[in-house]
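Below are structures written as structure tokens.
One chain, chain A, appears in both complexes that follow, with chain B as partner in the first and chain C in the second.
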Partner chain A sequence: MAGDEALSRADASARSARKALARGDRPSARRAAFLALKSDPTCELAWLVLAALADPPARRNYLEHILAINSNRETAIKARKVETGERRMLDRAYSVSRRKRWPDDVSAIEDTKPHKTERIPASIRPEGTRKDAESAAAPSTTSFVRAKQNMVQNLRVVATACEMALKHAATDSFIIFAVFVQPLIIALLGLYMLRERGGDYAIFVVVGSGLTGLWSSLLFVSGGALNQERWSGTLESLVGMPTSLEVVVFGKNLAYVTQSLGSMVLAYALASLLFGTPLRVAQPLLFLASIVLTTISFVCLGLLLAPMFVANPDIRNFVNALEYPMYILAGFLFPIALLPGWTTPLSYVLAPYWAAEALHAASTGTASLNNIALDWGMLLVLGAAYVLIGRWLFRVFLRKARQDATLDFF
Partner chain B sequence: MNAIEVEGLRRIYKATIGVIRRKVKEVEAVDDISFSVVGGELFGLLGPNGAGKTTMVKMLTTLLLPTAGTARVLGYDVVETPGPVRSRIGFIFGGERGLYWRLSGNDNLRYFASLYHVDPDVAHQRIPYLLDMVGLQARGNEKVEGYSRGMKQRLHIARTLLHDPEVLFLDEPTIGLDPVGARELRQVVRNLQSESKTILLTTHYMFEADSLCDRIAVINHGRLVAMDTPSGLKKNVSDLSVIEIEVFGIPDEVVESLRQSPAVHSVSVENRDQRQALLVHSPLGSEAVPDLLASLDGTRVGKVTVREPTLEDAYVRLVAETG
Partner chain C sequence: MEPARSPIHRLTANFRLFYEGAYLSYVALFTWFAPWTYLASKIIMPLGQILFFTYLGTYATGPASTDFYVIGNAVQLAAISGVYGVTMSIGGDRWSGTLPYLFGAPANRLTIFVGRAAIHVVDGMIGVAFGLAWGALLLGLDLSRTDPLALTLTIVVTAFSTSGLGLMLGSLSLITVNVMFVNNLIYFMLLIFSGSNLDLTKLPAIMQAVSQGIPLTRGIASARLIIAGGSLTEVTPLLIQEVGIGLIYALVGYAMFRWFEIQAKRRGTLEVV
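For the complex of A and B:
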């Protein structure tokens, strides 16, 4: 009798596990399944629920165990279904929208064909789990779906990292000073000194000094942000997560670059209002497109700097020395024709040089479509090259940091 | 099915000494350690400061590369395939660091959820649930810098559960917490255990390990010195009783003379404010007390108690023997 009681307890718990699974309550499902197995270690339904909850390769182990308990055809089919197609059902069951519910009886899985082209609703299960389920269900679309999924996830990370960096910066008085007050001071000084020279020259200097501000912000705030992550102990968390660190850095750099860009525009507008000097951009559409490409290329350039901060926090001393050479080599404030000839190739591999070319030309009205197309093309090509080199550097320097134990070193 | 498998793991840190004639000094933090943790098990890692516990956890969480040996989590090698490991594990390191203090608890979780690739709709539902679970729902919109240490620790727990990981690494999660906070956190760990999560816990608190862990590994100087259930470890000292004598300023030579006594297995001294606790392990139990007190002639003695050995005594003995 005691044995019967145990079996009926096991059966009740297993059914409750299945129901919990159906409503997406995984912890309760897991708990109830374990309770069932405590009463009856051979309870097939409980093992099936555990298998459905598990990720490969643990799931395979559960299924092998089920087949060891009962190797008849019906069980084998159920196990096979759980191994291949059920993850879609689970994900659907667990997703918040719950458009479709997990069938009341696990055997109903047999009648449910997986939809090969339907996008799996995202769930809180790890990315790898979804990939595994997908590759089992639709091998022909795996790489496309995976690439799409990765892109969506990375874009989400970029957007969130950007939002959080802006929120974080909004509470940091040093960053508020660097972003809002300092550019205003520079703008006031620049326009005061150049007030006799006329509008065109003023816009040249305004654009040039704006670029110097962008570069400095990228160099110090973006690089420093990684050191700040190290000091606050979040760098380890970032590295230990499934998102690539370069995606997070991209999002943060985007925040800092757009923030300083916005603040400079504001500062110069305010300064020109104070001095009554109209800051006229001769070719506004070309200027706007150049600004967008400049922002992207600067953010990509930041990906070359950040890996060095990952490997060694003391790199900031070296990075300080990079500030003025860029002002000169990229022709922010005067043309590079004034420099010795051997420096020209160096300028050509710097996206800020092409950004300065495009922005100066568009703002002063000297941009021809051919010339500015070359500038834009170079900004895109160099941006892509920076991303590729940056990814490689991240891999190398992250490995070095994991080897030298410097992720938590400060 | 083993959730964690460690085979011959080693980790050597290199440190440079000197300015002009630099020398590289090697420190062996983890030395040839092997163990495995079964799925759903709560496995404790105990050891004194610098024993190699955190180094072990960092290697298993892919944050540190081993010098030699292999480690697999859920079948994935932590060096060769860190990506799948990171998707399936959660980790917290003791202390207040590891959070964005200028952001709210809510924003912290939203940010980490996106880094764990949790769908925004799911995160939207899950974050309030987790904040509620760790008792922070009412303070979720406040900046973390205003949180107490215990609240930050609990936020860490919520963070690590965002993506419903199968394996959790908790490195001294209750360190620095007040007794109430530590008790609440232990309850959270128990709840996670009941959800059949595999948990690797490191702690300095023996009663915590005793009450939570299914099995415990003790490491000292980077080496595995014992691995058993808490009751199994306690059996190592079941032949001995612990005589705890409160003393006020005991000279070192007296302690040394006690160690030489045939009725004494081991002696340790714990400083407790103005007094010390002399912990004597003896097979004679209360029968040894008169002789011990006679040996302490001239030393001011307070309360004397005789008790059965605890996990802490087993631990102290293991560490002393392998010291």
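For the complex of A and C:
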């Protein structure tokens, strides 16, 4: 019976802690949470309150502790949501544990300063919790759950960034120009210039000009998106949030690259209307697969470019010089065989070159399975390489920007 | 009461205004000025454009046509300064909040207006010279039969006429928020309609008509003739027409500038937003 009383006291104290947190009275919340834990060291709500009060690194320790006590899925989800500090998520997390609402003042949670009493007091540390057989298995389960939750969380961020970027792009005339108008003008030029070649020139131009749109959009819009955040004063917040910046950039890149695929459709319509040329994608399934891989590899390439924009805002003035070299080296509208031999290795390390190879071959019907498999393989390998290098660059440049306090300089 | 000024004094004052306006607009535009940035915008990007369209053109019509594309794109580079530079020099007053002061100043409007373009004419000439130099160095452009004086005059005239277009676009930039959209659109349309990359005689009649009404078309044709060994006499009619077109655009731009000023003062919207 004494045990029941202790649990009841713990529950009451934990509720008071939550209420104090909701009022923004953090010292009382902390005291009440510790009181609850004295009565019941496994009181989940008390630990959640302490986690919410803590700064991010300490918060993670608390949450790991909660998961060590109770590693079931429900607890893991709540812990993760507290970690991300999202208001709606907190509400939902709270409703799972039978409480009505999580604290109204979520910002109070976010700006909580580190406090020396936030270290888990030895007196309330559950003895042997981490040592018993059940909990010994918890870390592996926890890491699996956390990895899974991280992935879900990142996908959610990618989707949100993608959605926001698309909304922004719909109203920005510069983006509309880079993504739709410029590729159309290049398509028109290409159609006039290459029509004397005959054959499949029209579909070749449509695909090639679409690829120019993909690259220009990646170069100007994706890179510029980070500068846009800088001008809006939101770059610091993006860098400071728990989700890594490259995930947000990935989402933005995905939006812009996917959107610029529309330029290929427009060029297709233009070629049909103005020139009355019958247009046919000879190997549609291979073309479709190539489009998907092209999109992925371009988005990954964007991860390589974005850290440069973080490192140096002035790079926006330099990107003008990078537009045509890619058109040339990747062979968007003419074969790279026309170029001097020493440029060929440069083309081979560019995913857009392999994308152009695959798409041109599939659209004109010259693709053999072996050749296109090589193109796809290269797209995947280079895409993975770009991600790895991009992540490293992000780390290096972000660290430098923090050390030099130059993140918001422009 | 302001003392009466002699014509010479007024002329000197206007010249000073012209010079200072030209110099300051350039300095203001290139606040970002740094060697790498300038190299990227004025040397490497133009090289990329020349290489891309020359390779595309030779892929389409064979290596014999290399000069056609090199000259066309090199001369078309005058539009970088003429369109972007001039437009941003005029539009810059609006973005930096100095337009009301400009409209409030008693200074001669024509001098201020034309002064904004002056340095960009010189900058445009340098751009074209770099373009031709790239062509000669990397793509085998043969300048051995070229009359240097005639070519220089052609470059001056073309840079002037594209700056005339820039003055008109600059005035437009006072009433639109999509300045870069308009600039980019015009720049890329020039790639089609100026004949820098296409044989104009093979275009539909309506496109040919548009070509005849814009700057650059005659400048590019003149440059091709001169580099092929033509004389100044041969291209003089083309150059006169090119100057005329540039003047028309500049005057239309100036008329718009004055009209926007009057409207802005009348409506109390000094920034003409």
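Rule of thumb we're sticking to: the second predicted complex is superposed on the first by the 242 of 410 C-alpha atoms of A that agree within 3 Å, B and C clash if a C-alpha of one lies under 4 Å from a C-alpha of the other, contacts with A are read in each partner's own complex, and residues count from 1 in each chain.
Keep in mind that, in the parts below, a contact is a pair of C-beta atoms (placed from the backbone, for glycine too) under 8 Å apart; a residue touches a chain by one contact, two chains touch by 3 or more.
The model shown is predicted, which means the values in this text are computed figures rather than measured ones.
**Student:** Going by the contact rule set out at the top, does A:266 touch chain B (first), chain C (second), both, or neither?
**Tutor:** Once the two structures are laid over each other on A, A:266 reaches no partner at all.
**Student:** When the two structures are overlaid on chain A, which partner does A:164 contact: first (chain B), second (chain C), both, or neither?
**Tutor:** A:164: touches chain B, not chain C.
**Student:** Using the superposition on chain A described above, determine whether A:324 touches chain B (first), chain C (second), both, or neither.
**Tutor:** A:324 contacts chain C only, not chain B.
**Student:** Name the contact category of A:289: first (chain B only), second (chain C only), both, or neither.
**Tutor:** neither
**Student:** Thinking of the overlay built on chain A, is A:192 touched by chain B (first), by chain C (second), by both, or by neither?
**Tutor:** second
**Student:** So in the superposed three-chain picture, is A:308 touching just chain B, just chain C, both, or none of them (first/second/both/neither)?
**Tutor:** In the superposed model, A:308 contacts neither chain B nor chain C.
**Student:** So, A:385: does it touch chain B (first), chain C (second), both, or neither?
**Tutor:** neither
**Student:** Along chain B, where are the residues that touch chain A in the complex?
**Tutor:** Per the stated touch rule, the residues are 1, 3, 13, 39-40, 58, 61-65, 74-75, 83-84, 86-89, 91, 93, 95, 97-103, 107, 110-112, 114-126, 143, 159, 162-166, 194-196.
**Student:** Quick one: which bits of chain A touch chain C in the complex? Just the residue numbers, please.
**Tutor:** Counting only chain A, the residues touching chain C are 173-174, 176-177, 181-182, 185-186, 188-190, 192-194, 196-197, 314, 317-318, 320-321, 323-325, 327-328, 333-335, 338-339.
**Student:** Report the residues of chain C in contact with chain A in the complex, numbered from low to high.
**Tutor:** Spelled out, the residues of chain C in touch with chain A are 32, 34, 36-37, 39-41, 44-45, 48-49, 51-52, 55-61, 178, 180-181, 184-185, 188-189, 191-192, 197-198, 202-203.
**Student:** For chain A, which residues are in contact with chain B within the complex?
**Tutor:** 26-27, 30-31, 34, 54-55, 57-58, 61-62, 95-97, 121-129, 153, 156-157, 159-161, 164, 167-168, 171-172, 232-234, 236-243, 248, 399, 402-403, 405, 407-408
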